[in-house]
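I've put the structures underneath this note.
Two complexes come next, and they have one chain in common, subunit A, joined by subunit B in the first and subunit C in the second.
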Partner chain A sequence: MTKTSTLRAAPGYAFLGIWTLFSLFPLYFMVVGSTNTSQDVLGSRLIPGGAFFENLAKLFKAQDVGSALFSSFFIAVGTTVLALIVCSIAGYGFEVYHSKGKDRVMAVILLAMMIPFAATMIPLFQVFAKLGLVNSLWAVIIPAISTPLLILLFRQSSRAFPSEILEAARMDGLNELSIFARIYVPTMRATFAAAGVITFMTAWNNFLWPRVILIKNEVQTMPMLISNLSAGYVTDYGVLMLAVLIASLPAMVVFLVLQRAFADGIVGAIK
Partner chain B sequence: MDRRLNLTGWAFLAPAAVLIVLVNFVPMIQAFILSLQSGRGTNLNFADPLWYNYQRLFGDEIFKQTLVNTFIYLIIQVPIMLILAMILANLLNNPNLKAKAFWRTAIFLPAAVSLVSYSLVFRTIFATDGFMNDFLALFSVPPVNWLGEPETARFVLILGLLWRWTGYNMIFFLAGLQNVDRSTLEAARIDGANAFQTFWRVTVPQLKPIILLTAILSTNGTLQLFDESWNLTKGGPAYASMSMSHYLYEVSFQRNPNFGYGAALSYVILILVAILAFIQLRVGDKRD
Partner chain C sequence: MKRTTKIAVSAIAMAMPVALVLSGCSSDGGDNGGGAGGDNTLTVWTWDPAFNIYAMQEAEKVYQKDNPDFTLEIVETPWDDLQTKLTTLAQSQELDELPDILLMQNNAFQKNLINYPDAFTDITDSGIDFSQFPQAVTDYSTLDGSHYGVPFDAGTAIGAYRTDVLAEAGYTIDDFTDITWSEFQTKAEDVLAKTGKPLLSGQAGSSDMIMMMLQSAGASLFDAEGNPTIADNSVLEKAIEVYTKLVKSGVFVEVNSWDEYISTFVNGSVGGLINGVWIVGSIQTADDQAGNWAVTNLPKLDGVSGATNYSANGGSSWVVTSNADVDLATDFLAKTFAGSTELYDTILPKAGAVANWIPAGDSDVYGQALDFFGGQAIFADVVAFGAEVPSNNTGVYYYEGRDAVSAAITKIIGGADLKSSLEEAQATVEFAMG
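What follows is the complex of A and B.
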């Protein structure tokens, strides 16, 4: 019995194994590449080498990595904090104080999900240019604060919020904003984690809009920096792999730390 | 409901709603007006005829090429990816599977990597003197100019998209599978259905809402593909792998920026997103 069930499971494990190999190989290639010289990266050396610090020195000499990291962190953290506040209170407000009129507004908000960013990019650039916000990190943050997906996520999870608690809190004399901040927020940790991971990763990895609105090299983000590294005539592949690694790490760490809560939050939203 | 509470609800909803209108709907309308104008830089006037920019698109060979490219990515990549994601989710959902957390993390991890980062890693792996050709040489396969030929450049880009997004979509299916009624799977097994039949006839129909959601999100994403086109293939060779959004960026923000023409191009993307979502919703409804 156990033998046949193991046998039956074999193709499944084989498929998972092959896909995992495919998933992890480019990441392994990136990590190992960051410790090798350009020649060794192209020469397909797949074991760690001793060029890590040399690559690091070259990278910091060629590019202002510190300021790019600052820009990326400022944008990612700023967007995440503001998006969590604005979208959670909206999703909660919609669900807890539900009315017909709000249904209509929600329908319009969801419609915005179908508007491709491409179709708003040029006018957004014109408006931010008029406001004098070209090269300002706020110009990257502002359009990313309120997103239909996040509002939807918070609306869905607000459905599970028991109305008895609400009544009891009102009896105790708490005002509506305190009920939200002191009771709702702490109970919805998983949703906040999921929304936070999604927003941070999206903001950290954003490329097109920052490319459009951040023109000066001093304010460029990490993705812009690595993209520029590969645009030159001679690319140092060891340095490139190191830069790519640095640009990828923060979003990956955020995901790995919060992945349990992230998965729970998504499941909660889809139910 | 209490009038005061109703107003509180509106106040909570207001900041998000106002922002969405300001950064989505208002620019969308402005883009349409812009698409009827011509001129360079800030010196814009209404075109004569008004639909001049749209007319010009139909005669633009580069635009047609990028439209074809985008549809090649859409038609080949999205179905393969969604089927793979469903299979992987189904395998991970098996209660007897060992090391579940490891598989799930490993398969999802690419989705945490920035599009620019992975594009550059793939570009390095598929360089003419890079890893992939060294690997193929082990089997005496002559080197391939991966990014220098139209077909192989598109192939590498599709492979990259599969790498980056399959695990991401798998998470949605995995969440959807939590809602699949276990008793229906049991019933199928008792009736003598094999694993494939159970998956195809019992599980997949119950995943329909998730298939619809992921299909619409992926279609939307593919029509707006930019980072990979810009960084992995640089749109090349010539324009053979360039996406529509990449061309939109070139028209709008490089060399001689032409906002009117760019806006018209962006409206084609908008209309395609709307039409394809409508078709998918229709097809999704019919199967009930």
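What follows is the complex of A and C.
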């Protein structure tokens, strides 16, 4: 890079730098807040304090963090694995096989995206109550394993899947299940990563439905635990920040690990 | 062959979740709530570990003295979530998922009672003596003369001020006792000029202060039939006028969120507050201000007939649901929250839970001086205030009314015409009522 082009790029970098600071500030405040007392957090103290272990002790005394983490992990991992299986098969099927009605079916599936969850919550509750699944983590997983967004994502990505490979595989005698499992899945790794990140994060942060269907304390999830912490007349903001930090870490790790594949998957790249 | 495999793939996709469900990890659904009785256990939904959950745990201990086998299963459920759950269960008619007892915000009581009558049990003849609670409080949980709730914490409003800030401006707490809003305005402006500290703060877009002013004069947004009276409501107009003046003169600072509101007094950027007595828990988190707070009553509206220096904000009551072991639940409530001085003596000092049960006020515990409040026995004062609070007519559409008035206040402070903004709010509520 020449000196002039560096100079020309400087304002851009400065802008991005400032923007990055703005974006990272809430994260910084959360981390620092978890080491400060409630009064310090309210006073917007921006340097780390010495109350981390005190906050940790208070948090574990007030709430069953272990069981909430387990429930959240179980729901997030279960939803992600099942949603990837179901939606990838659906997206693949919609693109690769031909049938007269498939576009109409797809249109109906996409229409489902327009219905707000609040409108379906009451009938959904009736269904799960009849099935005896109130307080079951599966009641949170099942409604989330087939989503129009993921089916659409897999269908769109499958468009880039070369039909020549499909035909060659069929001529070589592979059956449809093997083509899907041995050729399609490895080829579409990036799409799986993107879909995995989206599903994991949505499932991890899911609040309204779990709050309604999971009634007992033992099956509460991390977002419900955070809601409990801020429900009282007196909120301990240091403890709250720590709980938010603990709840944010897994989603951050998943995103950072799959970041590159996520970006590729969203733009539909095939490697 | 191809077709068979296609079917196989679809079948696996469909069967997998079902198989996983059947393979377990489903806990015992259907046995969440109350029940027909016999097991000596009550399930309770409530939300604050330092306050009402603690009170329930202490009540369990009190009741266990005569009933050693009795247990409570307390499910921590924040109020907003509790309301969502209640709505979902009532609308889906899955009432057997309800607990035996739940805690209800007083302001939401009428709405829930009228909308979901199947969800609650009439406890008028259960042996609980409702005359031992202030009528203004039992009114929240009474419908057509029948009682549905046992009042728990008082939402009695207090004026709490920093005595050091007042002293700096040459005032004492007595100068802010039994005064009118116009006197408050003059003195608060003086305090602001001399100390640089506003005396009050609150969330912008919240109508809490207006509602407290309304109730202090026994007024409401609705008439006895539940029709909105937002337009042409002289008390409401007066309250908004007072509030607008407070904000515009800078003695009332509007902030954006509840957390910011708490931080205004914990950080000492304002010199006081007016709110329900439950706010004292938050005040006391400011260790460095110990000894510098005092509590008194509210200013009253000038020139309004029936105006008093007393009001309420918040407060809650225990409800026996329609899924409850009614005999056990009412006996438990009658012997604890509606009958045990011992219980209130325990929960007051530790949780600051001020009783609505009048006999509890005679206890010595209420007369204890608190160092944080400069040696003042604030709870005895608050119980005395509580007896003076006028009734509040909430009705089914209380929250819709509040929201509409909040929106109107924001417009009025922004310069819109008072009358037309309130007419608009009235129309909004009428539209919501259908």
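Keep this in mind: the second predicted complex is superposed on the first by the 249 of 271 C-alpha atoms of A that agree within 3 Å, B and C clash if a C-alpha of one lies under 4 Å from a C-alpha of the other, contacts with A are read in each partner's own complex, and residues count from 1 in each chain.
Everything below uses one rule, namely that a residue touches a chain if its C-beta (ideal position, glycine included) is under 8 Å from a C-beta of that chain, and two chains touch if they have at least 3 such contacts.
As the structure is a prediction and not an experimental result, all values here were calculated from the model.
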Inset, instruction - Assess the superposed three-chain arrangement around subunit A: do subunit B and subunit C clash, or do they fit? - result: clash
Inset, instruction - Answer with first, second, both or neither: which of subunit B and subunit C does A:Q156 touch in the superposed model? - result: neither
Inset, instruction - Based on the superposed arrangement, let me know which partner A:S67 touches: subunit B (first), subunit C (second), both, or neither? - result: neither
Inset, instruction - For A:V219, select first, second, both or neither according to whether it touches subunit B, subunit C, the two together, or no partner. - result: second
Inset, instruction - Give the label of whichever partner, subunit B or subunit C, reaches more residues of subunit A. - result: B
Inset, instruction - Figure out whether A:P143 sits in contact with subunit B (first) or subunit C (second), or with both, or with neither. - result: first
Legend entry - First, second, both or neither for A:N135, with subunit B first and subunit C second: second
Inset, instruction - Figure out whether A:V234 sits in contact with subunit B (first) or subunit C (second), or with both, or with neither. - result: second
Inset, instruction - Could you look at A:Q39 and tell me whether it touches subunit B, subunit C, both or neither (first, second, both, neither)? - result: second
Inset, instruction - Using the superposition on A, tell me which residues of subunit A are in contact with subunit B and, in the other complex, with subunit C. - result: 42-44, 86, 89-90, 93, 97, 121-123, 125-126, 142, 145, 176, 180, 208, 211-212, 224, 227, 230, 237
Legend entry - Footprint of subunit C on subunit A - complex, ascending: 38-39, 42-44, 62, 74, 78, 82, 85-86, 89-90, 93, 97, 121-123, 125-126, 128-129, 131-139, 141-142, 145, 175-177, 180, 208, 211-212, 215-220, 224, 227-228, 230-235, 237
Inset, instruction - Within their complex, state which residues of subunit C touch subunit A. - result: 1-2, 5-6, 8-10, 13, 16-17, 20-21, 25-30, 32-33, 47-51, 75-76, 78-81, 84-85, 88-89, 91-94, 97, 259, 262-263, 266-267, 278-279, 281-282, 285-287
Inset, instruction - Provide the residue numbers of subunit B that touch subunit A in the complex, in ascending order. - result: 1, 5-6, 8-13, 15-17, 19-20, 23-28, 30-31, 34, 84, 87-88, 91-92, 94, 96-97, 103-118, 120-125, 127, 129-131, 134-135, 163, 166-167, 171-172, 174-176, 178-179, 195, 210, 220, 223-224, 226-227, 230-231, 244-245, 248-249, 252-253, 259, 262-263, 266-267, 269-270, 273-274, 277
Inset, instruction - Please name which positions on subunit A make contact with subunit B in the complex. - result: 5, 8-9, 12, 15-16, 19-20, 22-24, 26-27, 29-30, 33, 41-44, 86-87, 89-90, 92-94, 96-99, 102, 105, 108-109, 112, 114-127, 142-143, 145-146, 148, 151, 176, 180, 201, 204-205, 207-208, 211-212, 222-224, 226-227, 230, 237, 240-241, 244, 247-248, 251-252, 254-256, 259, 263, 266-267, 269-271
